[in-house]
Structures are given as structure tokens and as C-alpha cells.
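Following this message is one structure expressed as C-alpha cells.
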Amino acid sequence: MQSANVNRLTPYLFLAPAAIIMAIALLYPIGYMIYASFLDWNPSQRIGEAEFVGLRNYINLLSDASFLESFWVTIKFAVVVVSLEMFLGVGLALLLDRNIRGMSLLRTLFILPMMIAPIVVGLMWRYMYHPTVGIFNRTLKSMGFEPIPWLSTGDWAFASVVIADVWQWTPFIFILSLAALQSLPQSAMEASRIDGATGWQQIIYIKLPLMLPVLIVTLLLRLIDAFKVLEVILVLTNGGPGLSTEILSLRISRTASEFRELGEAAAMSNYLLILLMLLTFGMFFYNKAMEARAARLRKAAEEDL
Amino acid sequence: NPYEPYAGTTLVINVPAHPHYNAMMKVLPAFTEETGIEVEVDQLQYLKMRERQTLELTKDEGDYDLISYVVFSKADYVFADQLENLARFFMNPKLADPNYEAEDLIDGYVANIGVAGGKKGYLPGPTGSLFGIPFGSETSVLAYRKDIFEKHGIATPETYDQLLDAACKIPELEPGMGGMASRAASGHQASHAFLLHLAPLGGRVFDDAWEPIINNEAGVAAANALKTIVDCGPEGSQTFGPAEAAAAFQQGQAAMFMDSIAFAAGFEDPSKSKVVGNVGYALHPEGVRRGSQTGGFGIAIPKNAQNKEAAFLLMQWLTSKKGDLMVAMAGGNPSRFSTYENAELNAKYPYSATFGEALKYADPDWRPIIPTWGKINADIGTTMSQVLTEGLDPQEALDGVAERARAIMDEAGYYTWQ
Amino acid sequence: MLCRIRFGGTCVPRIVFDQVAKSYGAVEVLPPFDLALDDGEFTVLVGPSGCGKSTTLRMLAGLETLSGGEIYFDDRPISKLDPKERDLAMVFQDYALYPHMNIAKNMSFALRLARVPKPEIEEKVQRVAGMLNIAHLLDRKPAELSGGQRQRVAMGRALVRDAGTFLFDEPLSNLDAKLRGKMRAELAEMRDTIDKNMVYVTHDQVEAMTLGDRIVVMSDGFIQQQGSPEELFKSPANKFVAGFIGSPTMNFVDGDLVEESGAIWVRGDGFHLPLDSQMAARVKTAPDKSITLGVRPSSFTTDLTQGAPIELRVVVSEYLGAQSVLVTRCGGVDVLVETQSAAPVKAGITQTFGVLTNELMIFDKTSGLRL
Amino acid sequence: MLCRIRFGGTCVPRIVFDQVAKSYGAVEVLPPFDLALDDGEFTVLVGPSGCGKSTTLRMLAGLETLSGGEIYFDDRPISKLDPKERDLAMVFQDYALYPHMNIAKNMSFALRLARVPKPEIEEKVQRVAGMLNIAHLLDRKPAELSGGQRQRVAMGRALVRDAGTFLFDEPLSNLDAKLRGKMRAELAEMRDTIDKNMVYVTHDQVEAMTLGDRIVVMSDGFIQQQGSPEELFKSPANKFVAGFIGSPTMNFVDGDLVEESGAIWVRGDGFHLPLDSQMAARVKTAPDKSITLGVRPSSFTTDLTQGAPIELRVVVSEYLGAQSVLVTRCGGVDVLVETQSAAPVKAGITQTFGVLTNELMIFDKTSGLRL
Amino acid sequence: MSAKTYDRQNPAFYALLVALVVMSVGPIAMMLMTSLKLNVDIMSDTSSLLFMPTLRNYETALCDFLWYEAPHIEYCDKTFGRALINSLVIALVSTVLTLVIGCMAAYALVRFRFMGRDTVSLSTLAMRMVPPAVLLVPVFGIWTFQFQIDGTRAGIILVYVAMNLPFVIWILQSFIVQVPIQLEEAARMDGAGPFQVFFLVVLPLIKPGLAAAAIFTFRVAWNEFLLANALADRNSRTVPVTIVNSITEFDIDWGVIMATGMLLAIPPIIFTFVASRQIITGMTAGAVKG
């Protein structure tokens, strides 16, 4: 009977190290953070010294035009960036999922952008976007085009930030998609070749559906990360011009360090958290609902027999 | 020997990555040799340094014995009771150097950087006391291209009218060259650039009763001045941070540059600058009054420091006449009148005299140093960026800033006594 | 496409392997071989496990590159062609179902790709699924099926198609006898009614013998013999083929050819059998008198009026329903004897059986070739 | 561990299924059933594809939870036990080889986990690999093997072990006849020499009949009959078992029992056969005179001196080597007839065969039970 | 296994590939070029391709390791070497820990049905959503006042492991799902306990996923700045912190930053190169039939 207990404990044994570490090093600080969102707390104070203000931070934020603006910018940024990256990353993975010489070198080349420190990436792009000495404008000018105000008008700045982020983070999608692709059952691929699938059809009907579990998770993780992008934008535009590229995480970080309002920053990130949770729950339950529906349909079909 | 009891101690000091402190590093060995006190330096980028200090100072036992702080941290640290009141040390005959000559320290700096508790809380006054000593202080001066100005017969701008005039004339006279390179990037940079003009043009952010007056005529004039400068500036100025602005000037893409004196060294460095020898320095032009910015760093002893006495000795040594001169000779920014007048220094850095002169007009109150400033500053910065890039009307923009600033001040309790 | 014979729009080519070879790195799996499959023929590849049957099939399908030689469809080299251009349907030995599609989707995939109209797809899938007894599983995913059901889906996926060449790699190995019988009948009908190339890999005697127009016996990558089922059974080229075809397997006993009283006899440890005149004529010229004798288990009879008598000690009697197989000892070797269960023989006794001498085969001892 | 019988340290329990049931969600795969396997017995599970054989085996192995009931090893409930505590070795129907380990590693995995000394592992692996003809493949990865070779590795992985109970799920389905025969013999020897529980799933008549001490016939999750091979062949409990056991499969024709001239006859469309007295006595009490007649293909003979005459039109003649199977028509139904190839029968003609009436079976038309 | 065969590709594919490589690596090439320029060249608007390459910036970045005295270096930051070692230790240790621990948790979440499974899984994800900026102060406070591991490598490793775990858990879940369950069953039949099943059978089969996760985890741990800056003291400071701290706003020393950036990128590039070789096809080929 002892073994039965061990059985039931097994999952917990597997989970324990992760759970313990996350509990003490993540959940616990997050708990603090959530508590902090009800405080008027500046970072020079210890948390005990901060004043409890209830929901004030949350309420203030709702009427804070800049916050709302950056909320909107964030969503716009995340959606644009993640769609582009998914498209490019998966495409690139599909393109490189073949047996050619020098593959691992190529892969490494494509993963490179992700490996450069974000701060350096930011500086590098800032240099490339430089109105006069930057490579883009210089090239444009040498070809006789008007230079583009990369960082100095709102729309272009947004586009510039998106480009830099896509450049840096497409490899993330790429590498995970590639790993997923390589884990696919080869026999199904062979079968589809026999069944007459062209390369595209193979991608659409076999590869993508089979990669889907990984793709969904990748999408989710990238989406979450897109909401957290900080350094590159900080260096590139510092949120400007105006608020055109001030995404929420930048605002949060500025609120915490520049404005020294930890409580408010915490409240902001809780709003972000709520948004992301809604998104995740949405996806999660949609999945569950689809599964349930499929099961129901199947059951109905079986009962018909 | 006052240093005797502390010989062998190792002090840990936290300073920013900044030319002045690079200079300080060169003279530290002399200090160690003289006193037997070892010094370990932890150098951080100045905003990161501030973040780190904020956290560090909350500890019971801190790592740092002496910290260098950015001006606007003064309010936070003092408010949180994290800095030692220096009176304690100056009162101690075993520590205080009788030949320190405190009156030689540039008073604008001392007021701006060192003292808190007086009038408005962040400036000297009958209730104020000293928490830090300026070390690596800066003010704004106008750097201009002597060659260009001479070539076109433009006089060195003395007033804002002349300044703006020159700024927009140069692009016409010298195609491809901007008038003046200025910071303008959204956020702190745009705000900084705006405030640079606000004080000389007679404006203030708040009046004495903490009511925002940033949107008065002077404020609008300052905003317009900045807009003019940026519009006539080199290409893409709207996004310049100080580094790009300085680079533009160094590369000869702008004829003027008005910012901290700390940039001067770079203009004279041939590995970075193409305009070595062609740069002239002048006082910050006069608007309705003279009012150059004050800024830079001070040094202070944290409450949670481990070796406070030795730290004080180092602080005193560094800011003494001798120390100040040594650091200045190594490329730092002096904080003493006497240093600026020093012949040797002027021989090495010809612009020193101008700088010394500029310091006399340094305005310690060009911006408020209060805990809510971070937020207001950011708001000014974003709004000014909108003025510069999106064509927002200055008056409207500043009205908005004033309104939001008032709300912030109100919430922070500044109107409690009204 | 060059095509000599067409049936309903598909092309049924004559397939020729010309010096085709296959190696995996240093492992030579198939040394160069020739093979010609006439169009519309049902070819069965048989051979021991690991002899290269699947590899041959996969090369034909275009899933495996050739290490040498060329395959021709109606004189047209195809080794550069993609599988989908070869117009084939294939049942994989390991099924290779699409794990994310349900059974109906799995079966209809090729049709959907070919843009066959929906109702037609529906009809075909239903028909084939019905034939395979998997119509009630159409909504399931492959993971929710039993092994045999998966194999049937794999089969169904090929059968719904209208390709010119069908390749089957042990398609019935996991099915029960009844279903296999049924499937065999369906395949036989297909073979007889629609004219397609079919290449069929199996290790099952019955399948090979009943289905094949031509049987190719392979061993260790070499083709040992090819021909009609009857040819292979009656006149195997060598000992390997003789031993491989027929179940239970043929008995081999070493012996010597001796001439006695005008006839030729085979004498060995524990037996002494006369050859019939036809055989005797053939072995007369044999250089070596020391040979291997092959006797099929079915060549024994309990009816002593028939055949030459031989005395065997019965060791085990395996009951197989209508027949029983006896394991007997003849000298030092085991000899299998098939008898009708109706005339039971007890284990442990020594009994005299009759050997139908006209069914005996004589093989050269060293080369294994049939004399 | 409770253990009644021990052999060399391992425990060979008596296995009892008590009202064990299995459903996957709403799909009831196995309704509650009882089954007892005596210790040291070789039990064969047979049944059509999808009837629940693998599921039963997997429940016994502990890989599938029970939806109801309990399994006992020597009266000890084990459904809560982990597979590794049940002391079993298993060959999976789908092999489940470790793709990242070479064959030697695959085979020795269990032994290495059990910390068997290296030389002993080495020796066992070599021995079993030799027996399975895969000794030359020990360094390969599973992906580099043929289907049958993989299956042999799966087999080897179980055979190297020294477990109390061996579970085989169609372990020979992908092997050629010869190898299968060899393996069967090895298994038979194992069965006879070492006393272990063996549960063997197969769809192969021959395997079931030759190996099983006891055969369990399943269909649709129900156990139809269990007993010795001979019992099942000679006295099947119902039409299903009769049809399932024996190959080619038994012919079923509907007919009526009629009493004529003192004897009982079965009359149907195209035939009219007398029952022998024993059978006649048994069917006398049948409530319904309309029955199904079962005739094994082997019950026909071309020797008209034996049995009752019946006229059949031969449709197809399948050549199987020593035997031929004829598909004939009797009234509206197909009837399979097995004949010796030595006496060939041409397709297309109508011929009279003899039916061995003592081998006829009579089934109730509705319930399918044998009368 | 000597001669590997490669598929032939058509020229359009190579053209596209080249274009993509240029897009992806172009900026990095720029960076390399910039790192070889003097500042005066960097900011000048004359052609960017014609310049005198110089190693000066690298000398500055690596002044600590130079065996000669570079004349242009006035002041040398002695901490780069130490920071490099810190970074390597922290990144490697935290990557290994995260992978092992995360993989185990992912396995539990995929293969075992137990109470609160979905909750655990989702809350794991939720934890990833919190921006580090707000966690900074609580983490610093807790590490300093409660755990007293501020300023140690262990402290930084702890927070990195925690931070990366949700990612690893989620991504590996989707790879573990694809491991044929039959293999685990076979291992259980062979007498393997849950940990043996996991380490001997599952882990080797999700190599591609592991490699991808490792690359990403390593990257985060290598480049992370914010928390490292708060938690590290002078002795445990990592390279990114060192770099950022050498940037002044008066004068962005482009050349040196790019040089340091290049140097900083080398270890993760090597790591990627090694790890991405594990992303190989057909891990489970030949395992099961079906």
C-alpha cells in the first residue's frame, strides 16, 4: 500500500523543485507586488513604512490619460509585433527545415539577433536609424530618396520600434518552430508525399497542424514577452515622440524608477496582468471548449450508430 | 596626522560613469598614498546608480561608505533620512580641516546640490542644513563654432533674441549645417531642454505657493524658443539625446551647442571630434535674466555606511582646494571659484575662465527638487516632445502640463496649508 | 506522361528496375538488381524479415534515394521524380497515419488534395471503410484505435485512391484470419477487375500464393527467383525458395544418390527412397552424388498404399484443426509431417508413412540449386 | 509477496480477472468480465481486430486503469500496483522501442535498471539476439531496422527478462513463416521448460492452436469461449467461435431440420444432407427447426466414396501449394472447399463433393449457439 | 554514416536565403564594423565602408587582459574579466537548473492527472507576465532582508531560475506531449521508476525542445540587466551590468559599446551553435508503429 502512496506523490515530487523555487522566488515577490499596489510606496521606503491607500492607485490610473494611451499602444505593439514575428519565424523555420549543408551554421546565424544584449540592440538600431549617419537614411539619400524620419515622428517611430523588435525576436519563434518541426513524425510526412501533397499542402495540412501545440505556446509566450519589452524601446525612443511608443512596461518601469511610485507601478502591472490573464484564459477555455465540443460531437455520432 | 586612525581602512564609494569621476579616479592613488586609506570605486551609469542607491540605502548595513548622487536624488534621500547631516563631521575637530575654506565652494552649487530643509525644502534657508558637497558640478554654457561665426560675421549671441536669430540663420548660410544641436528626445531630455530656456526667459515651474506657472508667457516663450532651435537644428534633432546632440556638434553638423560644461572635454578630443580648436565658449545667453542651469553630482555619506569618518575624510580631501584642483587638472569639473581662477588650469583648459564666470549666474532653482518632480518632469518631457514633433500648440501643451502638475501636487499634499 | 496503357485517366506503367542498388552509408542493403513488373500485374515480394522488401518498395515510391541504377516507368527514368508525380498509393508497414486527423480525414486526405468533389469523397470513404469494417470509427483519431484497426485505416487510405500503382507493405499482418481472408478476396477482386499495378510485400504464404500473378522471392537483398505461384511451389530454383515457399516448410535431409537395381535411390540416415523415372533422368548427370533431399510435409501420407514407405519416430503432434503437424525424427534430423486430424497419430511411437516420391526434390548440396 | 509457486526467485502467480471492465470515456470497450489464468499456463487471447485483446493485456500490465472490477495475483488485488511491481515483461503490439538507444541497449534496459551484473547482461542479450537472428544488428538504432527486425527487438526485450509473467501482444505478426515457426518453437520450448505465466495475443490460428494451453476467444469485448485448442475446434460454443477457429473459415449455410425416413436431414438451398445419429439425437429437441449449418472446408472430400454427396459450382480455385481452396456456390452462398492440389479441380464447372457428415455442426439461427 | 547526403535545392531558395541572412545578420555586421571604427568615423556622414579598421575599441573593452599597454587607454575598468566569469557561471548554472527542474515540472503537468493541474499550469504562466520592473523592489527587499542572499551569485541564479521556469515549463510541455506514450509504458514495464522513465527515456527524446529552451534560457540569463543590477554587488556583477554602466549620456562611446556588445555576444553564440546541433530530425523514428 505504500507504493500506491508513492504513486500518487510522484507528480508532486516532479513538481516540487519547480514549485518551491517559483513559490519563494516568484510567487512571494509577486504577492508583495500585489500588496504593493494598494500602497503609496516609494522605493526609498521599506514596504512596512508605506502608507495603505486602498484602491487609490487603480482608480487614479483609470483616469490617467497617459496610462490609457500607453495601454493602447501596448496592445497595438504586441499585436503587430507578434503577428509579424509568428509569420516570419514560422516561415523561416519551414524554409530551413531541410537537409542542406551548413544547416547548423545557418540556424545559428538566424538565431544571432536574439543573442545580442538588448541594450546593445537598442543602441545599434538607434545608430542605424540615425537621421544623418544611420545606414538607412544614408542609403536612401545615396539612392536619391527622401530620408525617412525614423524616430522623429510618431508613426515612423512606432514602425521603427516594431522593426527592431521583429528583428530581434523573430529568432525566438524561429527556433521553437524549428524544434517543433524537427520533432514531427517523419512517417506522416512520407505518407503525405505519397498522398500527393505539394510542399505547401504538406505545410498547411500536416506540418502546421502537428506543430500547433508548440505554436500556440510559442505565441502565448511571445505575446507575454511582447508586453514586457523594455530595453530596446527605452534606448530607441524612450517612449517618444510624445507617447507614440510608450508601451506599458516602459511606463511601469518609469513609474517605478523615475516617478518612484512603486504602488502605482504595481497597480499598472496588475492591470497588465489582468489583461494577459484574460487573454490566456480566453485561449485556454476556448481550447477546452473546442475539445469538449469535439468530444460531444463524437459521442453524438457514436450514439447514432 | 588626522588620517592616522583610519589608515588601512578600505572605503567603498559609489560614483557615476562620468568624465568628472573618471578624473577623480586618477587622483585617488594620491589620496591613498597620503592617508593610507584604500578606496574601492564602484562606477555605474548615473541613472542605474540612482536605482541601485535607492535600494542600497534601505539596507541596514550598506555597502557604500561614500556615494555620489545626482542632484535630483537629494530630495529623495534626505526625505527618506538616508544621508548623514554633515554638521556632525564639520563639528568634529579631529576630522574637520580648518583650512577647508567652505566659502570658496561655488554657492549656487552648494545650494543646489548640498543643502536641504530651507526655503521650499530643497534650497538653503534659515532651516536648511548640509547633506552633501558638490563634486562634479556642472552648468550650462554656449559652445559655438568660432570659424563659422567668423566666416559669416555673426556675433557671439549674448541674448536669446540673438541666439534664436543665429540658430535659424546658420542653416541658410551653411547648407547642411544645423543652427544649434539640442536635446529633444521624448521624456527627460525634452524637459531638460525646455527648462534650459525657461529660467533665463523668466519662467519658473511653480510659484512660491507651489502653484504651477509653467504655462505663463515665459513658459510659452521657452517652449517656442526650444521649438525654433529644434526646427532650425540639424536633421532629426527631434530625437536627439545629449550624446547625439553633442555628436552632431562634434561632427560639424551644428554650429552651436548649449548644454553642460561637461561636454567641453569631448569637443577638444581629436579621437571623437572634428571641430577641435574651432569651438568657442560663451555664457548662457540672457533672456529676461541670466540663469544657467546647475546640475551634476554631489557626494554624501549614507546613514548606513560602515566607515563614516574615513568617508568624510575622503570627501573633505576631494573637495578641498587641493583636491578640487587635482581633479580639475585631470579633466574634472571644479566646484571652487579658486580652481576656476587657477592659472595652471586656465593654461591647460582655456575655457575654464568662461566656465567660472558662468557659474556666477548658476541658478539653483531652475527646477524644483521635490519628490513629485519625476512625474512632472516626465509629463513636461512627453508634452514638449509632442510640441516638437506633432505640432501641438505650446500654450495648450503647457496648460495641460500645469493642470496635471497641479493635480499631482495636490495629491502629494502641497496645498494642505492653503 | 508517356503511357502505354490507360485506365480511367490513370496511367498504369510497366515498371523496370535497372541495376538498382541501395546502401545506407556503409551498409549495402540491396546489391544492384534488375526487376521488371509488367503493367497491370500483381507482384508479390516475399522474403525473410530484413531482406530488403520494404526498401525496394520505398525506392519505387520515391521515399528512398537510389544508391545506383535507375527505375523506369514505361521507359521513362523516374528516380528524380517526387513521389507525388509517380501516381502511387501506398500502405506503409508502420501505417504512418496522420495523428492529428480523424480516420475519415486520414482516408480522404489524398482525395481532398486532388480536389475530388465532396460527395464523391464521402461515398468512396464510406465504401472503403465499410469494406474494412471501420465505418463506425471514422470520427476517431488514430491514437484511439487498436493495432489492427490502424492497419485497416492505412489500407483504406490507399484503397480510396485511384492511382496507377498500388504499393502494399505487409498490409494485413495485424488482422485476424477472417478479416484477412475477406481483404484478400477484395484485393483479388481488385486485381481481376481493375487493371492496376500492384506491388505487395508479405511474409504470408497464403497471401503470396493466392494474390500474386508473379512472386518475387528475395533473400539478403538478392532476388532468388521470380515466377507464378505454381512455378515457385513446383519448381523452386533452389533450396532457399523451396524452403521459403510452402507451409509448413519443406524438410531437408542429406543423402546420397545410389543406383540400385536399375533405379536411382536416395539413401540417407534412416531412409532409403526410390526416385521416379523423371527425376532419376534429371539427376543422372549430377556431378556430386551427395545431395540434399527436399520433402514437403504434405508429401507424406498415412495411406501406405501410396508412396514409398519410411519409418519415422513421432516426437510431437501439433493439432491445427483439420490438419495436424507431426514433428518426427528421421535419423538425426527433425522432419515435419502433415496429416489429416481425422486419422490421428500419437506422439512417442514410431510409425511408417508413405512418401509420394513424385513430389521429392533434389538439391545440390553446396550450391543449393535444384537438380 | 504472497506467492504460491516460485521458480528461481520469481513468482508465478495465478491471475484472476474479477468483473474487470474498461471504457474510454463513453466508449465501453470491455464490459465486465471474469477470467482466470492458472499459474504457469500459456494463455492465448484470440479474437477479431478491435475486440479488446490488447486492452485486456494492458490492463493486466497496469498500463491501463480499470474502469471496474479488480485483478488478483494469487488473491492479492493488484490494480493499484505500478507495472514494475507486477513483475511482468511485455512485447508491445506497436513495439515501443527506445529510439535513442541502440538495439543492445534497448534489450538490456530492464536488466540495467535491475542492476544485473554486466557480463550476465551481455550474455543474455547475446543469447536472445542470436535466437532472434538479430545479433548482427545490436549496434543499430531502431530507425535503422526493418519492420520485422524491430518486432524481433521488441520480442528480445521481453525475452531477456526473468519475469514471472510474460505478455505478448502479436509478437510475430511481421515475421516470415520460417522465422515465425522458429520463434513458435522457441516459445513452445519456453512454455514447456520454464514455468511462467504467458499471455499471448495473436490472430494467427496456427500460433493459437500450437502454443496455447488455453485459448480465450473474444469478440466485441466479450469472452465467447475458453478452453483447450481441441475443445474449441471440435466443440465450439457458438457460431462465432466455430467461424473464428479453423482456417479456411467454416462455411455457414441456413437450412431446416427435416425428418425423413427415420433420419434427420438438413435441407437448404441446393443441399440436402443427413445428420449422423449422434448429432440427430442432440438436435431432436431443438425448438426451432430453422437452423444454421456449419461445414468446415476440410470436411469436403473429392473422394465420393466418403460422405454425403453435394453438388457445388466451383467459382474460383486458389492454389496454396499442397492444398487448394475452392470458392464454390451452393444455392445463394459461397462455400469454401479445401482440396488436395494433387487432385486438381477446375474453376467454372459444377462438381459433386462428399461431405463428412460426422463433422457437421448445427447452430441456433438466432442465438448462434451450437446445438 | 560517413557521407551524409544533402537535398538539392533550387537557386531561388539560395537567393532567398541570402537575402534573409543579410537581413538577419546585416545589423550585426554593422555592429562589427562600427566596433572597428573610431568614434570620429562613426559619427561622420562620409561613406561608412571606407575607414581604417582599428582594434582600439576592443583594446579598451579588454584592457584588463592586454599584455601590453595601449596608449589610448587612460583608465581601465578592471572588472570586465570578473564580470565575464560571473556571467558564465550564472548563465550556465541557471540554465542547467532551469531546464532540469522545469522539465520535470512540465513532465508532471503533461503526464500525470492530479488535482489542481490546470491551476498550476495557468498560474505558472501568470507568473511570467509580471514585468521585472515592478518585481525589482520586492525581490531586492526579500533577497536582502529575508533571505540575505543579495549580492551573491546564488541569489541571482535563484531569481533567474524562477523567472525562466514558467517559460521552460510551458514550452517543454508542448514537446513532451509529442513523445509517444508507448515508450514510457515500455520503460515502466521494464521496471523503470518515474524518475528513470523521465531521465532515461523522455529527456533524450525532447532534445530539440530542450535545446531551443536552453538557448532561450541561456540568453535571458546572460543578458538580463535589471535584476542583476539590483542584486549583484561589485563582485557578483555580470557583463551586461558592466556594459550598461559604462555608457554615459555625455558621450556614447559607440565603438567601445559595439565592441563590448560583440564580445558579449560570443558566449551565447557559441552556446547556440552547440545547442542548435541538438535540434535534429527524427528523434522518435522507429519507436512505435502507428
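The first chain written gets the first letter, and so on, giving A, B, C, D and E; residue counts start at 1 in each chain.
Basically, contacts are C-beta pairs under 8 Å (C-beta built on N, C-alpha and C of every residue); 3 or more make two chains touch, one makes a residue touch a chain.
These are the chains along with the protein names UniProt gives them: A = Sn-glycerol-3-phosphate transport system permease protein UgpA; C, D = Oligosaccharides import ATP-binding protein MsmX; E = ABC transmembrane type-1 domain-containing protein.
As the structure is a computational prediction, the values presented were derived from the model and not from experiment.
Chemist: Write out the two chains that share the greatest number of C-beta pairs in contact.
Modeler: A-E
Chemist: Taking each chain's centre as the mean of its Cα atoms, which chain lies farthest from chain D?
Modeler: Result for the farthest chain: B.
Chemist: I'd like the Å distance between the centres of chain B and chain D, where a centre is the mean of that chain's Cα atoms.
Modeler: 93
Chemist: Return the distance between the CA-based centres of chain A and chain B, expressed in whole Å.
Modeler: 39
Chemist: Can you compute the centre-to-centre distance for chain A and chain C, using the mean CA position of each chain? Integer Å is fine.
Modeler: 57
Chemist: Any chance you could list the residues of chain C touching two or more other chains?
Modeler: Residues 93-95, 97, 147.
Chemist: Show the residues in chain B shared as contacts by 2 or more other chains, in ascending order.
Modeler: 51, 55, 58, 244, 248, 251, 253
Chemist: Could you list which residues of chain E touch at least two other chains?
Modeler: Chain E, residues with two or more chain partners: 5, 43-45, 136-137, 141, 145, 244, 247, 252, 282-285, 289-290.
Chemist: Along chain E, where are the residues that touch chain A in the complex?
Modeler: For this pair, the touching residues of chain E are 5-7, 9, 13, 16-17, 20-21, 23-25, 27-28, 30-31, 34, 42-45, 48, 101-102, 104-105, 107-109, 111-112, 114, 118, 120, 122, 124-139, 141-142, 145, 147, 158-159, 161-163, 165-167, 169-171, 173-175, 177-178, 194, 198, 206, 208-209, 211-212, 215-216, 219, 222-223, 225-226, 240, 243-244, 247, 252, 254, 257-258, 260-261, 264-265, 268-269, 272-273, 276-277, 279-285.
Chemist: Flag every residue of chain E that touches chain B in the complex, lowest number first.
Modeler: 38-40, 43-45, 72, 74-75, 77, 136-137, 140-141, 144-145, 151, 229-230, 233-234, 241, 244-252
Chemist: Tell me, which parts of chain E touch chain D in their complex?
Modeler: Of all residues in chain E, those touching chain D are 180, 182-183, 185-193, 196, 200-201, 204-205, 282-290.
Chemist: Note which residues of chain A are touching chain B in the complex, please.
Modeler: Spelled out, the residues of chain A in touch with chain B are 42-46, 60, 66, 130-133, 147, 149-154, 157, 237-243, 246, 254, 257-261.
Chemist: Inside the complex, what are the residues of chain D that reach chain E?
Modeler: It is residues 58, 61-63, 82-84, 88-90, 92-100, 109-110, 113-114, 141-145, 147, 150, 157, 161 of chain D that touch chain E.
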